[in-house]
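Next up: some structures, all given as structure tokens.
One chain, subunit A, appears in both complexes that follow, with subunit B as partner in the first and subunit C in the second.
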Partner chain A sequence: MRTLLEARSVTKVFGGGVFERSSTVALENFSLAIDADRPSIIAVVGESGSGKTTLARLLLGLTAPTSGHVLYEGQDLQQMSRERRRKFRRDIQVIFQDPYGVYNPFYRVDHVLATPVAKFGLARSRAAARTLIDEVLRDVGLRPEETLGRFPHQLSGGQRQRVMVARALLLRPRVILADEPVSMVDASLRATILGSLSAMHRERGISIIYITHDLATAYQISDTIVVLYGGAVAEVGDVELVVKQPQHPYTRLLLSSIPLATTARTWMSEFATVASSADTETGCKFAARCPSVEKVCRETAPPLFKTHAARAVACYLYRDAPTLDADAIGSVLTASAAASPPASQTIQPTRSRP
Partner chain B sequence: MRAPSAAHPFGTDRQGRDLFAAMVAGTPLTLRIGFIAGFLGVGIGAMLGFVSAYYRGTLDAVIRGVVDIGLTVPGLLVLIIIAVSLRRGLTVDQMAIIVASLAWLNPARTIRAQVLSMRERGYVEVARLSGMSGPEIIVKELMPNLLPYLAATLVNSVSAAILASIGLEVLGLGPIDSPTLGMTLYWVNFNAALSRADRDHPGRLSRSLLPHGGPGRDRQPQAAESDLTTDVLSVRDLCVHYDTPLGAVKAADHVTFGLRAGERLGIAGESGSGKSTMALAILRMIKPPGRIAAGEVKLDGVDLMTLSDEEMRRVRLDRIALIPQGSMNALNPVIRIKEQIADALRDHRVRMSARETETRVRELLESVGLRAEVADMFPHELSGGMKQRACIAIAISLSPRVIIADEPTSALDVVVQKQVMETLARVQENLGASVILVGHDMGLMAQFVDRLGVMYAGKLIEVSPVREIFTRPLHPYTRMLIASLPSLEQKGTFRGIPGLIPLLRDLPPGCAFHPRCPQAFDRCLTEEPALLEKHPGGWAACHLT
Partner chain C sequence: MRADYLARRVGVFVLIVWLAATLNFFLPRLSGQDPVRATLLQQASLGGHVQMGLEAMVKEYEGRFGLDKPLWRQYVTYLGDVSRFNFNYSISNYPRTVNEIIAEAIPWTVVLLGTTTILSFTIGTLLGALLAWPGAPRWMRLLMPPLWALHAIPFFLLGLILMYVFAFRFQLLPMFGGYSPGAFPALTLRFVGDVLAHAILPALSIVLVATGGWALGMRGMMVTTMGEDYVTFAEAKGLTRLTIFLRYCVRNAILPQTTALALALGNILSGAVLVEVIFGFPGVGTILFHAIRENDHFLIQGIVFTVIVALGVATLILDVVYPLLDPRISYRRT
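On to the complex of A and B.
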């Protein structure tokens, strides 16, 4: 597989400088790879503090990893020439969470669209630039005449977010990193924005990394899913497998906590309120809240166990399965993008849950 | 030396020189010093501040170090030393530069702080990803937004420079030959010292003491009219208008509903639907330019709209408690949790000894599932979910009849959200209170409430028992809203509602939803549907049903 964008055993630690007493591990030994030849939609799901925003910033080269590498076409982002960096900037586009803060209140909406056109020389003339901008705005379902020339505060949150999608499209990127793109948008418009993202993937072969806290939208648009907890991968693999038959206790807790918009299934109070004891420094990050915790969990962090061709779980409940090196996560991701083998082949937990 | 007269409004000095004329001559010179020093100070300071904050790293450390050291040294003293050493033949402009030599320190520091807070803004990152270079981002993205701040800093710097220059000049350390304001003062003082003034004129300040305005006397609360309804709270035709130059905007328009004892009622809607406005209006907490234009809100038969402000203040928390949006961030960061709860009790004149208060606080915390030790903690020591529970504890401290929770979990993770909602449900059941849950998350509504009202463009368009609303919604908007929610059961069943939420100041005629409604027909374009009972318990405002 030729990788387009890859995180290889990336760790990011904040703080811990000479004057700071404590340091925080935001992301630990994380790997992810995007196939250059087969575009896919990967969802990265996690709650606050899971490291998902740090991951986004690392993948965009906005911050440097403490250890490990982020590679673009095999080249480290931190050691790139100016020229390569420009190409990278163009190929990897981003849609941020907050459709308010990404606009400089001083300028009209046009500014965010005109700047990349000018900076990357996308059009020869003003008229060509305008045509290009009109085209991408129409692609995301906006009327250019009603959008351009306005100030950001004159547009609704949904419109502003679609302008950001249009901006990403303008550069004809190969990867779009969408960091919580709909969490600040009204419910009735979420589907529209996610719809235009998945249309881009389908029609233009753009890979999408969808970073979110919302498992339900992640399930709707992605092929594969990475569940993060406390900066480490809890479970990774095919989205149908992970959502329909969650294996990691954290994934199960997360799924059971989602308030579903149906009265048919009410909130299961399986293990909702597990009192959190002290965090373990070395063991599994979830140990303090886990109902199936064992002694070993508090001592050593579990490796990934490959419980299925298209799934891996970082939990000792599945210690019978072969372990998977963190930087081999790519194999699980590609296997799941392909047709998944029947679910009966999945490895069951070695211990029944209490 | 003469006293002020018609010929010499400010009087004269001992040599008979007119002080008014001296001031007229001196002001431009002093202003010149002020402006040159102010501009230089802000210019240099801004440059260093921008560079320091934008690039961070070693450069930042060096600049910050210099500024910090510079600011710890007493400024006037340094200026005196500089001025003394350069004293001979100072000109006005040299004076300005001396003052400027320290004037950049403060701007550098404050501008750095401003830029620091801005450099993480979304648009700065978007500009970086759009290929802008560092200096370009500083000039094009950051500068324009800091212009008002720079202008304010400049005014401050100029006035500080004027003060500093006058301070030096009064000591005789200024341009000896120029009649700046400070030098004039110096000469006046110098001459006065030579011959002691014979009279002194103590200034007389006319003091006007305003009579102490006390609060208006309390009216006696009205006796509760007994109203034979089973509703704890009944809201009828509640209208909230926002006055704008273009006319009144109806943020809540004839909202009518009842809340039963022990019931959990949800009010759902998207942004701008008027759900929060409605919640605040029940508590009479609408701030101008908004106002409650009409309607009544009866709590146990008493119309809250007729109460005096003081009576209303007591009803809040005591009878109806609000858990406002983002309330966990409204906890005072420097006050311990127990003090914040005790404040609420004291504010409502609950007479308790310190001991009793302490016990009550602990009881309240335990009832929301927090350990008693939390009482002695500060808000920053608690997690988001714990803070939100502390807010629930405050809300229930006086055992209210009705709890209004406005998006109580909007900033929390799902797992914590579930725990907080379970806590709210438990305390509500223990108190026998009713809850109005205001929010946009239909999932949360489905899991929590008994009955659900849906708002659109300031109106309640459907109220039904929650089971029915999710199985057979009456209004097309409700149906489409439910369809727009992603499910975990099936892929690809996730559809947005086309079109946009209408602006309240520019509502379409007829039914406000008709431009987005696939089933709209001619009647919907002209006639506004009323909220009618379509089947027992199921109300909708739609011409279809």
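On to the complex of A and C.
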């Protein structure tokens, strides 16, 4: 397997300087790999504080890891030459959560689209550039004549976010990193934006890393899923397996926290409590909230147990299964990616792809 | 920009000037002193004359200045005069007119304060931007404490210290005045050099203090701006550090600074009265100081009115120009 973007045993610790008493481990021994030949959609799910945004920043090379490496085509992001970095910046595009904050208020929205065209020489003439921009704007459901020439504050949040998606499209990247791209837009636009994303994946073979706290949308568009808790992987594997039959207690909690439009189940009836301050230092991060906690959980953190060819769970409940090295998460992800197409085809009726 | 907005804005400007002019008319008269009588008495006692005919003289002069008329008549005349920028004679410097005196002082103040304000704005803003920028050289961090300290010292106190060190102790620079006592104002190299030498200390005391203020303000805004998402996004887009610094951080952080600059420029005329007084600089501040001491109503009115108009014009210009600086602001009615 040729990896495109890879995180190899990445740990990021914040604080712990001379003047700070405590340090925060935002991400611990995290690994992830995207296959260059087989584009996929990977969802990274977790509650706030689970290390999602840190992961995004690390994958973009905006933050240097405390230990471990983030590699693009086998090359460490922190030691890239200017030319390589330029290519990396084009190949990996990002869509951030807040469509209000990502625009420099001084530029018209045209700037955000025209600059990459000019910088990366995507069009030969002004007219060709304009055609290109019009085309991507239509692709995301915007009317160019209503969008171009405006300042960001004159557009709605949904319009702005769609301009961001259009921008990512324009550059024909190989990976799009979407950090909570729909959590600040309303439900109807959510479908449009997620639809554009999965269309990009289907039609242009762009891999997508979809970072979210929302299991429902993750299930909608992704092939594989990584569940983060407290900076560590709780469960990873094929999205059908993980969502349909969650194994880690935290994944089960997440699933039960989704409010449903039904009276058959009382929402929040289960163990949805916030972690107490007595979080264990060495043991499993979830021990304090876990209903099936054991003594060993508080003492040593569980390794990943490979319960299925396409799934691994960090929980002692599955200690009979063979352990999996954190570096080898890639093997689970690709296995599930291989298993995914037939699986999703068989269950197609219940799973509405936008 | 809509014409009705501009018209409204000019209307507000006129209203403010009228209110200020009215206050300006009544406040000195509330002091209850009779400036004409006081001046004459002073002169009489200097000359050793007896007070014979003093009352007659007071009457005569009051008639000439229009002070014998009822207050409302004086006010109406005053408004008429003021609208034509005519402030009559100076009481303490009779027969010179207020306009003459102000016209003589304004260039001194405008040049001194204008230069120092723009200089300290430029240096301070640049310094503040770099102080917040992680890519700036490390030694720049060392500038912070002295800037804080200087910013906390009042202009005039620093002026006194500078005067003591450079003019009194080491006698490197002249201590007092706008030019050497014997020099005759002319556009010669020598005279210009003389003026510059006299201006160094007052200018320095203003620049040193003001730079710290501009730098601290800019630094605060930069820190806020650098935390914005669009800066992170700019980084992720792969823009160069210079572009991010200038177009994304500085461009956004400088807005409040330009507002402050416009107000500071409008405030030039009365901005550094104490510095001018300490250094005996022949500017507007010094004459205002003397006018207040000698209860010269007309001169005070003239200066204060000029200051108000200058400030009003600066605010007006700022309001009109602001949409060009910040696209988020428009005066279209929504």
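One rule holds in what follows: the second predicted complex is superposed on the first by the 327 of 354 C-alpha atoms of A that agree within 3 Å, B and C clash if a C-alpha of one lies under 4 Å from a C-alpha of the other, contacts with A are read in each partner's own complex, and residues count from 1 in each chain.
In the analysis below, a contact is a pair of C-beta atoms (placed from the backbone, for glycine too) under 8 Å apart; a residue touches a chain by one contact, two chains touch by 3 or more.
Keep in mind that what you see is a predicted model, and the values were worked out from it rather than measured.
Steric overlap between subunit B and subunit C is present once the structures are superposed on subunit A. Residue contacts after overlaying the shared chain place A:S48 against subunit B, while subunit C stays out of touching range. By the touch criterion defined above, A:L62 reaches both subunit B and subunit C. After overlaying the two complexes on the shared chain, residue contacts for A:L253 are found with subunit B alone; subunit C is out of touch.
Of the two partner chains, subunit B and subunit C are each touched by A:F96. In the superposition on chain A, A:H153 contacts subunit C only, with no contact to subunit B. Between subunit B and subunit C, more residues of subunit A are touched by B.
Shared-chain residue A:F14: touches no atom of subunit B or subunit C. Common to the subunit B and subunit C contact sets on subunit A are residues 60, 62, 86, 89-90, 94, 96, 98, 101-106, 115-116.
Residues 60, 62, 85-86, 88-90, 94, 96, 98, 101-106, 108, 115-116, 151, 153 of subunit A are the ones that touch subunit C when the two sit in their complex.
By the touch criterion given at the top, residues 47-48, 60, 62, 86, 89-90, 93-94, 96, 98, 100-107, 112, 115-116, 119-120, 156-159, 164, 167, 186-195, 213-217, 219-220, 243, 253-255, 257-264, 266-267, 269, 272-273 of subunit A touch subunit B in their complex. Against subunit A, the residues of subunit C that register as touching in their complex are 228-230, 232-238, 247-248, 251-252, 326-328.
Contact residues on subunit B toward subunit A in their complex (touch as defined above): 121-123, 125-132, 141, 144-145, 270-271, 369, 384, 413-415, 417-419, 421-422, 440-448, 466-467, 470-471, 480-482, 484-488, 491-492, 494-498, 500-501.
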